[in-house]
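Note that the chains are named A, B, C and D in the order they appear, and that numbering of residues resets to 1 at the start of each chain.
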Amino acid sequence: MIVAEQKPIKEILEMVKDYNKILVLGCKGCVTVCNVGGSKEAAILASTLKIAARKNGKKIEVEEHTLERQCDPEYIDEIKDMIDDYDAVVSIACGVGPQFLSERYPSARVFPGVDTKFMGGAVEHGIWSERCAGCGTCVVHHFGGLCPIARCSKSLLNGPCGGSSNGKCEISKDVDCIWDIIVRRMTELGRLEELLEFVPPKSWITARDGGPRRLIREELVL
Amino acid sequence: MSEYKSGSNLEKVLKAGHFAFTGECGPPQGANVEHLKEKAAHLKGCVDAVNVTDNQTAVVRMSSWAASLVLLQEGLEPNFQMVCRDRNRLAIQSDILGVYAHGIRNMLCLSGDHQRFGNHPEAKNVFDIDSMQLIYTVKTMRDEGTFLNGQDIDVPPKLFIGAASNPFAEPFEFRVYRLAKKIAAGADFIQTQCIYNMDRFREFMKRAVDMGLHEKCYILAGVTPMKSVGMARYMAKQVPGMDVPASLIKRLQGAGKGKVAGEGIKFAIEQIEEFKEMEGVAGVHLMAIEWEHRVPEISELAGMLPRPKV
Amino acid sequence: MGQDKPKGSVMVVGGGIAGIQAALSLAGAGYGVHLIERTPSLGGMIPNLHRIYPLCACCKLDPRISACEQDPNINVMLDSTVLDISGDTGNFSVTVKTANDEKTVNTGAIILAAGIEPFDPTKYDTYSYGSHPNVLTSVEYEQIQRPLGPEKGILRRPSDGHTPKKIAWLQCVGSRDINQCDAPYCSSVCCMSALKEAVNTKEFDEDIETTIFYMDMRTHGKGFEDYLNEAVSRDVQLVRSRVHTIDPVPGGNDLEIVYAGEDEQLQKETFDMVVLSVGLRPSGEAIELARKIGVHINGNQFVDKEPFKPVSTNIPGIFVCGGLSGPFDIGESMTQAAASVSEVAAILGPESFSPPPGYPKPAKSAAKSPKVLLAYHFCPGMAPGLSADLEKQAKEIPGVSATIRVDGDILSSITDKIKETDANRLVFASCTPAVHKNLIEEALKLAGLNPYLYETVDLRAIDPGTAEVQLRDRIRMGVARVALITPPPLRQIPVVKRALVVGGGIAGLETAVAISREGYPVTLVEKEKGLGGHGRHVKSTWQGYDVQKYLKGLISSVKKEKNIKVMTEATVKENKGFAGKFVSIVKQKGKEKSISHGVSILAPGGNPIEPREYLYGKTKNVYLWSELSEKLLKDPKSIEDANAGVFIQCVGSREPDMPHCSNFCCSFTVRTAVDLKIKNPDMSIYVLYREMRTYGERENLYKEARDKGVIFIRYDLENKPVVESLDNEGRLKVTVYDPILERPVGLKADFVSLQSAIVGNSNQELADIFRVNLDRNGFFAESPEKMKPVDASSEGVYLAGIGLYPKDTGDSITQAKAAAARALEILSQDKVQVGGMVAEVNPEKCAVCCTCVRTCPFSVPYIDHETGAAYIDPGLCQGCGICVAECPAKAIVMGTCSDEMLIEAPAVLFA
Amino acid sequence: MSDNFKPKIVAFYCSNCASSAASVAESMNKALPDNVKIVQVPCTGRIEILHLLKPFEEGADGVYVAGCQEDSCQYVTGITKAAKRVAYVKKTLEQLDIEPERINIYNLSAGKGQAFVDVALEMNDIVRKLGPVLSE
């Protein structure tokens, strides 16, 4: 899923300080599952904004609404009748949400309520970890099913680098060296020799480096 | 402490109020220094400074700083070009220190063409910072004497900071504001994209002058003589942000067999003549791509010679 | 199911905790019950106690008392005593003297549950009790400690009202002593209560010095040793000694204790208060009655009974439980009470006073707009003005359609009022709503409403000064909430009338028998080839009864019983479902079999750990105690002809990595020692112990052993005995430091028996499968409510035997019968109701994020791939609401504590 | 702060331990101050962050949760979860420049019944010292 984290309240307050009718817009997709942008968090953020206003002796209206998804135009459409009632919208979906909203409602003031972090999963409840960098050409099968592009700090394809010490990455003792894990895994699998082969420079053309990406599926296009 | 920011020849020429004339020279796609020297020889004495391109159109060439040093040895003043595509902020700053240490005094700051256009489309690009930020970086290093992280530099590099501007890219209205932004960021001089649509350029300059930009920095108009109709068509169609009026293509076609190149040069000369008079234009940047040997002739005809000694 | 049995009601004599428990279980099983209590109130000893280890008593006892009072099938007779009993099973006639007259009550069976009385220490002339105000009995001391007592829990010494700085406890007052009080037995509970009193004293004021003078520290029960360690860590001083005198210090209120330490040297210490831990006596009257009707009384003046029939008297149809048959703590008494119920069931069919109530079909109350009935109930203790205030407030609160003050027959008055006013919601205000919950739900059912359409308002801790405001707020809250309740869906599910018993040891077998004889099929799963478990190694009970003979009988009766399906070499792999409807996967010899059952009884048993010391396994003649008794069974001579034997106690137990006391090793040792001495009086027998824990009547055996010349030597963890092998013939030498002689002594021995720690078999595995909790020592934990000693932490799962805690044969049997009784309460019902105060998933909203699956403390939710949403089994859900709070998609709802209620609460309160 | 300031306080009580604690408090004639408004929950684990924020939104000056001892929560993790949520709200309040002391969690037990009222009084004091929630 796409993993996001709520922005510091102060930052959000600063964004919306000049607005008095605010819509907090949640998303039932990934951000619900990672407990940051669902109806629950929408309510919490709305309440927080109201408390802040009350403290500063300010009268504001905050309402919350949660869309099925903020990455599909049909759902974005659902609020077409209400959006004009607000002078600011705080989207707590991933980075896609605020953009789809801005594109659909050019006149609306849309603010991001969360910081989109990465594509990953919950390694345990309340702890998420990055797994995919969306490079556009998956290679994990070469590395014992683990992705060095997303999980090696240098995205090395012929790692590990000299900075790997007792299983940790040189950037931090809290970061596992994925290459250390890959090597162990492949050794256990008896496939170590595969790692001895030189991996040639990868084409980043399918990745972000190849420019903004879009996917067209002719058989689906209407 | 001199009144000069860098003390480069180009800077002196412009400050002295002369109509500047800069040329361009692409490094070889190899280590063929002799070929480079030969191209440079054509420019010697004809221009105040020579732009040395940096993996232009994302095609790998000898590194621009190395080529610039060669020019320096040959007694020309290089205008060292740097793109943001291939370096992060560490490499950028260290290269700036390096080129300055070796006597380079002009630097043109560019974002760089996306590698997709070049001969290594599968490369990973950097774009750690953009051209605007690059200008700011060089200025910070020169005027503040610090790196981007605020740390002091032991002997800061004093470079004459150039930036590019394309009057013809979309959205047209925004272009002049972007120019202003670059100047604000620290550009001392601007070299524009090569100009063919004179009306558009006049409009552009008018706006720039209205904003007083010409007083804040030196704007050099970009000129590239058309060698052939094919080149004109290619430029019109293939090169992004290039504006080649159909009228020009017609005119070239009209020139008749074997005379197209001459017509191209003739048009270029006319342009230069107009630029000399145009308010806010401080000079011309001549981009005779793979045509260096014709530069002396063009300079002559454009009445650019001899170049002033400052 | 036992058609041949006579039917009838049951009389329970004694309204202490055991009697109450027995009455409730009987009523639950469909019997009419006469509950006879000689005092004006139920509860017996407990109301006088501050806390029953380890927690507060009040909130546990009160609901039970009110349940008794409210149950139409329990006829509570206070201020009443039984004068005489005649007749026999199914047809006893009992003469009862009530406050004002005498009447004859006919009943089918009788449970003697009259409890214990504290010993009166005035007999002791050397303890200044009675003559000095600062010498108290433990019972008097707890009265002071009780927050609800006369002193409101403020500790002051009687003489001058000063907070005491130094308090001494004196153990075994009126126990283990024939000279002054002819009570040779150990009262078994006093060590724990002294520790408890001392610890609670520390809680009151950390600076008060507390010292306990004792002979043996007997913390033999479950969790007791941990409590002892905690007490020590809280700086409770323990002095092993014999106290000679307690004398007033002239010219003051202090007292001087003269005692002899272990070294026999006389020492003196001054305290400002002394507590006498008085022993327990069976209630005199009750014993008189027993004697009168021909019930055998033993030498200790307790009702006599066999270990294999732990709650039966010599008279069929008359049973006994609790203090009357020995010095037992509350847990044991409760267990016996439950056990006696299963024994009654065996001989008497249930006959109730009033049939189970029929309920009208619940109306669609949700549809209607809320009409709230406000019912309130005041206890005597509450502020007089409150009633008026409450009525006044109620009128001003919108939504309240009627109010009623209830007293006496709460049930019908509420039911009637609801019908009369056509109310569809109830707010019940009282001092302790928790106590009334069952009653309220019953009333709503009778009124044809969903039993969960109510809110309670707690009327306690109201400041008389601002009563109006507080009443208003609380009632407003109640009314607002009750209006928001969405009546939870209720489902009636047929009970699967089969029991699954895990473990084929004595406990498991007894449970199986007790359940099957009521006509319910039982599947008994044993992982070994043969039945009998640990019992197969046991020669006799501590009382000297032949266990092998008993066990053979038991096993054959199990094998004969067609209702019992025995699966040996089988283990439970998986268990799903809830009380009334479980499904287990049992794996037997590679094949998996699915079994549906309504209840589960876990009796996996336990075994002694293999010692890693004392040359065990390295040389012959060093036995594990189970090996020794096996040898005594198979080849007695080899042991009986020995010249000398050494028993080492606490091997590997009561040590940091295994802190619990294994409870019956001391009794085993003295029993075996005595038997050997009888066979071979010349044998020298040494018992090396840390504490002799021959609690209760086992103490007599300890004395007998000493009289027969068995030598007891105490050792400390600091210098454990050392076992050496002298030669290849297996002669051994044991060296131990004798604290009395203050030097090491060397003992030659032909055999050494190691009484090593007892641990449960596969408890962890079963706990995971059946979703029940373990305690910190790895034994099964009882239900959260500590007064259900055989209930596991999830409903419908019951516990018996060593898996719960090490115990001897007799106690295992008692637990087995108790577990059976609890199980029968469910099996005898036709339907179980599920739902109610539980969490429910709305599949539409469910994001299938697994949050509930991960965060439920009872691992109830799971992702149902049919519906593609999380599912929470209403039968398993414990109703805590944790998942409701965690669910990021707000897909989980709790009708009885909804988001609206909690979100709108402040608005209501600040209105 | 002016002495006549009477803070609005909302208290969430776990119905399990609160009930028995209340009976002890009652027996000791200890009374709750009338400005402490009680909301009962089956288990403190039921209380959500939003539920803790709402009172402040409605103008409360303080909020507290009273639950079981960490080791004796009938629902095992309920009180622990509540503690974490209270901690979260403390952080939120801090970010709003509202004193985090305005929200607290207390562990009651039947053994220490007086605490039922004592925590209310303690909270009352704390909040009275802080005064109402308003920016200077």
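Note that contacts are C-beta pairs under 8 Å (C-beta built on N, C-alpha and C of every residue); 3 or more make two chains touch, one makes a residue touch a chain.
These figures come from a predicted structure and were not determined experimentally.
Engineer: Contact counts by the stated rule: is the higher one at A-C or A-B?
Structural biologist: A-C
Engineer: By CA centroid distance, what chain is farthest from chain C?
Structural biologist: Farthest by centroid: B.
Engineer: Mean of the CA atoms for each chain, then the mean for all of them together: which chain is nearest?
Structural biologist: D
Engineer: Take the average of all CA coordinates in chain A, do the same for chain C, and state the distance between these two points in whole angstrom.
Structural biologist: Spacing between the chain centres: roughly 54 Å.
Engineer: So what's the Cα centroid distance for chain B and chain D, whole Å?
Structural biologist: 70
Engineer: Need the CA-centroid distance for the pair chain A / chain B, whole Å please.
Structural biologist: For chain A versus chain B, the centre distance works out to 40 Å.
Engineer: Suppose each chain is reduced to the average of its Cα coordinates; what separation in Å results between chain B and chain C?
Structural biologist: That pair's centroid distance is 92 Å.
Engineer: Taking each residue of chain D in turn, which ones touch at least two of the other chains?
Structural biologist: Residues 48, 50, 54, 57, 59 of chain D touch two or more partner chains.
Engineer: Would you please write down the residue numbers of chain C that are in contact with two or more other chains?
Structural biologist: Each of 855 in chain C touches at least two other chains.
Engineer: Touching at least two other chains at once: which residues of chain B meet that condition?
Structural biologist: Residue numbers touching two or more other chains: none in chain B.
Engineer: Strictly by the criterion at the top, what is the full list of touching chain pairs?
Structural biologist: Between chains, contact exists in these pairs: A-B, A-C, A-D, C-D.
Engineer: Along chain D, where are the residues that touch chain C in the complex?
Structural biologist: 8, 10, 15, 18-20, 22-28, 30-34, 37-43, 45-48, 50-51, 54-55, 57-60, 72, 74-78, 81, 85, 109-114, 116-117
Engineer: Quick check on the complex: what are the chain C residues that touch chain A?
Structural biologist: Touch list, chain C to chain A: 847, 849-851, 854-855, 887-890.
Engineer: Which chain A residues qualify as touching chain D in the complex?
Structural biologist: Touching chain D from chain A are residues 8-10, 13, 40, 43-44, 47-48, 50-52, 54-57.
Engineer: Please name which positions on chain D make contact with chain A in the complex.
Structural biologist: 48-50, 53-54, 56-57, 59, 92, 95-98, 133-135
Engineer: Which part of chain A faces chain C closely enough to touch in the complex?
Structural biologist: Residues 28, 32-33, 35, 38-41, 122, 124-125.
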